[in-house]
Structures are given as structure tokens and as C-alpha cells.
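I have a structure I would like to understand better, so I am pasting it below and will then ask my questions one at a time.
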Amino acid sequence: MDIFHIVQQIRTRKPVVHHLTNWVTIYDCANVVKVLGGSPVMAHAPEEIFEITGIASSLVLNIGTLTVDFVESMKIAAKTANLNKIPIVLDVCGAGASQLRNRKAYELIENSHIDIIKGNASEIAAVAGENVRTRGVDATETNLNLIEIASTLAKKKKCVVAITGMHDIVSDGEQTFLIKNGHELLSHIVGTGCMVTSVIGTFAAVEKDYGIAAAGALAFFGIAAEIAAETAELPSSFKTKLFDVLYFIDRDTVEKRTNVEQV
Amino acid sequence: MDIFHIVQQIRTRKPVVHHLTNWVTIYDCANVVKVLGGSPVMAHAPEEIFEITGIASSLVLNIGTLTVDFVESMKIAAKTANLNKIPIVLDVCGAGASQLRNRKAYELIENSHIDIIKGNASEIAAVAGENVRTRGVDATETNLNLIEIASTLAKKKKCVVAITGMHDIVSDGEQTFLIKNGHELLSHIVGTGCMVTSVIGTFAAVEKDYGIAAAGALAFFGIAAEIAAETAELPSSFKTKLFDVLYFIDRDTVEKRTNVEQV
Amino acid sequence: MDIFHIVQQIRTRKPVVHHLTNWVTIYDCANVVKVLGGSPVMAHAPEEIFEITGIASSLVLNIGTLTVDFVESMKIAAKTANLNKIPIVLDVCGAGASQLRNRKAYELIENSHIDIIKGNASEIAAVAGENVRTRGVDATETNLNLIEIASTLAKKKKCVVAITGMHDIVSDGEQTFLIKNGHELLSHIVGTGCMVTSVIGTFAAVEKDYGIAAAGALAFFGIAAEIAAETAELPSSFKTKLFDVLYFIDRDTVEKRTNVEQV
């Protein structure tokens, strides 16, 4: 897995990453794509979705502050992305917290082919269905159950599933990766989950193996967090530093720090 | 008033604070709850409000960028909060600037029981009614008139009223506090008024005496600002520092600096 | 062109700058007005637009995340601004990327008198019409074509046109300025284009010659970026510094660094 090669591709090709995301972290999602070297575009008016997704190299959907109308725009974007054969990353943000989120996540997954479904343990469990939810996903996030959930859902939907947590899991149904990069400070500021989804979307815009794209993005973001935390120990300074690191990080650093296991 | 005990309760219990707030400062409102140790949730789709407010320990409403539909979602949330006996903080942001804001603030206060009404002098005056507005609230913010306005409105609505300004006033109709913590730099960046409302909402999630919760939150936020301003004298650096301080501030600092008078 | 005199006017008069802008950069747009010394107001509910624009000294419109309804609110605001004889700045953000954006930019320009139209080369070309677009505007941003496009559009619409790029161009149809202040780091973070539009809106609130206001704002923002980049070489630190510089920048610095040519 040559993660830095993907980063170089982003810096060279400056892919357009179309987002329909939530209103809380929309700036950070756009900015993380920008500092990586990509071109973020945030647009949601149904009248222009077809054209905007049409100029993009990948599509990021995030239901964090969903409304019924907003999800309708997402569906047009997803259909367009499928038509244009560009990857779709869906962050099932908050799935499990309401029937609306569960239903809309389900509709998005059924209406189009989603290439990468991403969430934390309880969100993915909610998407994977009730019989999985009962297995106690909240006990140890990196346990065998979660790996099985990711792998089973990936096989069923013929997609990549990414479960974030202390360690992240990425499975395409055949290969499964355990990503051990990251830092605890990421959990003390709002938006890091949304931001890493945008990083995954940017990686997938230039790397056709979406399992590699997702695992690479999670490792890369985690490495940046580790470096940022070395000089910034408090959440807000850490966030500033994190963006700076994402901008200048080099091959050597990435290669020395990558901590990804195939399981 | 053991302010730091409230902070410890937040850090231990990690209360969910549901927001329907404005689009300008939504990230900062979420992040301030997070760095305090709480769990912010921003959600406004009418179809899910009942469930989302249902998992929350307090509700924060802010009409800063209101629309008619958005306020309808707020009303569902407020009814749910009343039903579940969790506190509601209403920031009457911009009240007085338009008939719409006055009317919607009025509707929100009449439709449900609001536990804490918060605004600056002219916003609270607009909510309190015309006969109060004429007393010259813009002259000296900490004058007797404002204390009387807060106390009268609190009695009338059987709630806590918080008026922010150079000094902040909190009254539950019986007890009234004057909070002298804070720093002038807070007025040179956007969003500190909204942020402190979210801090009040987080305090009220764990402290049942809402007068104490509001006064404590204002003092705590003010103390953090004082400390931040000691090493960051310009607005944007100050803001970064403010969030960092809110994260690490300890009991000693809070106790030494608390400057709250009962009036 | 006494740029610093305009800044002093802003700091003294604290003009209210009403925005209907995009959801990605709305915080930064508000905050840039605030650190300059102005009073940002973001409000878009059609029921209150007339009153809110009514208390403003200038109006900033930005179609970055437009919807059909949102543009209807913009039209009410623009009509009100014309009625009240306060300046309107329109950022045609993303024009050229979709038919919707082109059509709505056109409608806004036809429905009311826009005082300052602002965009990058391809956005302004899209607004100026097809016969202009074919001249190869993307080749050299500071070439004669762009100056001609700005000047022609300014004459046609009897307004000021600002084209941003490595060098910025401002024309009122008679006078044309080339602004050479700025820094490359501005292009590595999201929102600097929107922010400078808000700076233009704030300058126009106190400076009646809108060509001078626009050119002065672009130079001023560019100077702040140059200074920020001297001590902050990475994008996120640079952004923090940029806001700090905008807050404290003094007459000497502005006068020494202003790099504006009349062409």
C-alpha cells in the first residue's frame, strides 16, 4: 500500500470532490480536501446537482444534519456519480440515533451503488441491521465482531465498509485492514469523523482500489494527527496543527509511521 | 456556587446537548460543548426531532438565522424537552432587529416552558416588552434597570433570565447574580455569545438549579477568556487559546478567579 | 487612494454589513467583518429581509451554495438595498459551473442594480457572456483580455467589476486598477475569496467611490496576507494569523505595502 503515492496523485491531479454534507463541519470538510491538494465543491440545489457531480472525480455524502429534501438531492448526485462511474463515499453519521437516519441511510444504499460506507461502530451496526446490533458492538471496538460486521456488510453490498474507532477497520469483503494510526485528541474536537470521510473521498478520487483508498486515507489522517499531537497537546491548537501537517507531510514520515495490518 | 463541581459532572457524565442553532456559529457551539466534555448533537429535521431531543440531557435553541420552518422544528424539540423534563436554553439572538424575531421568540416562550432565556440587553428588552424597552437599556448595561428587567421577566415567565454584557446578569426572579468575569476580546470575534449559550446548556444538563447553572457557565466562560487573553492578545489566536483553556482549566484557577456577586 | 482612511472609518462607524452568503464560509465572512471593526449580520428569512437590510450600510450576496428560494431572499434584500441607496456586492461564486448559477447571477444583476460584481476570471467571464468566454480567459489571468472584460462589463452594467486572481483587477468602466498585493497561501485555504468579498462590502459601506472601495479592500486583504505569511508558512496557522493581522494592521504598514497600479 503506497499511501504517499496517492497523496502525490491528489497534489498533481487536484481532483474535484463534490460534497453534500452536514452544516456543522462543512468548512472543515472543504478545507481538508483543499490542504490535501484537491478541489472541494459543496453544492446541493437539485437543479444543479447533475452538472456539479458531472465535473467531480468523487462524491462525498454525509447525513449528519439531514433533511428529507437534502437526501433527495443526495440521491440525484448518487445516480449521477454511478452514471459517471465516480466513487461515492457515504458517511452514515448519526445512524441509529433516529428512524429517519436509518431509513435515509437505507434508501441511499438501496437507490444507488455506494462504493464506501463509513461510520463508527454503532452507526455501521445500525446500517448492517438488527441481528448484528445485538452482538455487543460497544464492548471492544476492535474486536472480532466488528471485523465480521464490516466484512459481511461489504460482501452483501459489494462495497467497502470503513468502521472508525480507536483502531479503524476497512473491509472490501475479501481483504480487511486494521488501521492503528491515530491519536486520542481527534476525539476531543468536533468534526474529525466528517473530515476523514472527506479525506477518504479525496483518496478514492485518484485510487481505483477503494479498499486501499479508504485504509490509506484513515492511516494518513491518523499519522497527521500523531504528528500534530507531538507539538500541540490541546484540542484547538491541535486542530490548527493537524491541517498544517496534512499540507506538508512527506513520503518518509508516512512510510515510517504507517501502521496498517491485514487481518 | 461550586462551579468546578459542575464542570467535573460534565466531564464525567458527558451529557448530550441537543442544539437547533444558527448556521454561522454552529461549529463553535458544537465544539465548545465537546471541549467541555459534553456530547453535542445538532439536528433539525422535524421527522427526527422527537427522538433526538429524547436522548438529550438539555436543549439549546438559538434564533440567530431563523426561518419559519426552523422555528417549527424548535417547537417540537421544546415540547419534547418539557415532556422529558430536560432544561431548555433559548438564545433570543437578534430579537429586536425584526418583527419576525420578536414574534418567533414570543411564540417559543409561550408554546413551551423555557427554562433559561438569554440575550444581550437590547435582545432581552425586546422580549420583555415595549414598556421596558423605553427605559434606556443601552445606556449602562450593568445598571439597575437591567437587573430589574431580568428579575421581572424571570418572575413573569417563572424561568431564569441571563443578560450578557460587560458584566452579565442572571436572575431566577428571587436570586440575582452579577458576573464580572470576562474579557473585552470576546467582543472582537463572532460567536462568543452563541458559544456561551451552549456552555449554559451544557451546565444546565448536569446542574438542576438553572440560576446557578447559568451564572456558573457565564463565570466559567469569562474566566477562560481572561486566561486566554493573557497569552493571546489578538482575536483569532485568542479564540484558539480560549477553546484550549476551556479544555484544561482546573479547580484552583476557577476558584481563584470567580467574580460573581449576589445583588 | 487612502486605504487606511477607509479602515479608520470602519473602525469608527462600525457599519452593519448584511450578508446572504454561502454555508461553507459564513463564519469566516462574519468574522472578517468583525475583526475589521464592522458589524456583520447574517439573515435570510424572507419575512425579515426588508427590516434587516433596512438597518444595514451595505449588502453582500454570495451564491456559493445557492438554492432557488435563497436567491429569492437575495432579490428582496437587493431591492431594499437599492431603495435605501446602500451598496450591493455580488460574489458570483461558482458561476460557469452550472446553468442554475449562470441564470441566478443573471437574474440578480437584472432585477436590481448591483454596485460591485466580483468573481475570479472564469466566473466573471460566465457572467459577461459567451462571446467573452471564448477569448481564453484562463491563459494569463492578468492579461489585457481580463482588463477589457472587467471594463466592458462595468460600462454595460454601470457598476464596478472586480476580478480576483494572482493579480486582481477592478474597473468602474472608466478607471481600472491592477492590485498586486496578496500571497499564494490564500489559494491553499478555503474561503479567502468569500472573505475578501465581505471585506469589499465593509469598505463600500463607508467609501462612496465603489471602485476605490473594491480596489482598496483587495489591496488591504492582500497586504494582511503578505504580513501573515511572513510568520506563518502553513495554511491553517496562516489563516489564524491573517485574521489577527486584519485586526491590528496600521497606517504605516498599509501605506508602505500598497501595490496598486492604475492601468
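Residue numbering begins at 1 within each chain, and the chains themselves are lettered A, B and C in the order written.
Here is the rule we use: a residue touches a chain if its C-beta (ideal position, glycine included) is under 8 Å from a C-beta of that chain, and two chains touch if they have at least 3 such contacts.
This is a predicted model, so every value here is computed, not measured.
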{"item": "Fitting subunit B to subunit C on CA atoms, where both chains share a sequence, rotation angle to nearest 5 degrees", "value": "120"}
{"item": "Same-residue or different-residue interface between subunit A and subunit C, half as cut-off", "value": "different"}
{"item": "Computed distance of Cα centres, subunit C from subunit A, in Å", "value": "34"}
{"item": "Where subunit A touches two or more other chains, by residue", "value": "23, 27, 240"}
{"item": "Contact footprint of subunit A on subunit C as seen in their complex", "value": "22-25, 27-28, 64-68, 94, 97-101, 188-191, 234-237, 240"}
{"item": "Residues of subunit B that touch subunit A when the two form their complex", "value": "23, 26-27, 30-31, 34-35, 40-45, 47-48, 51-52, 55, 239-244, 247-248"}
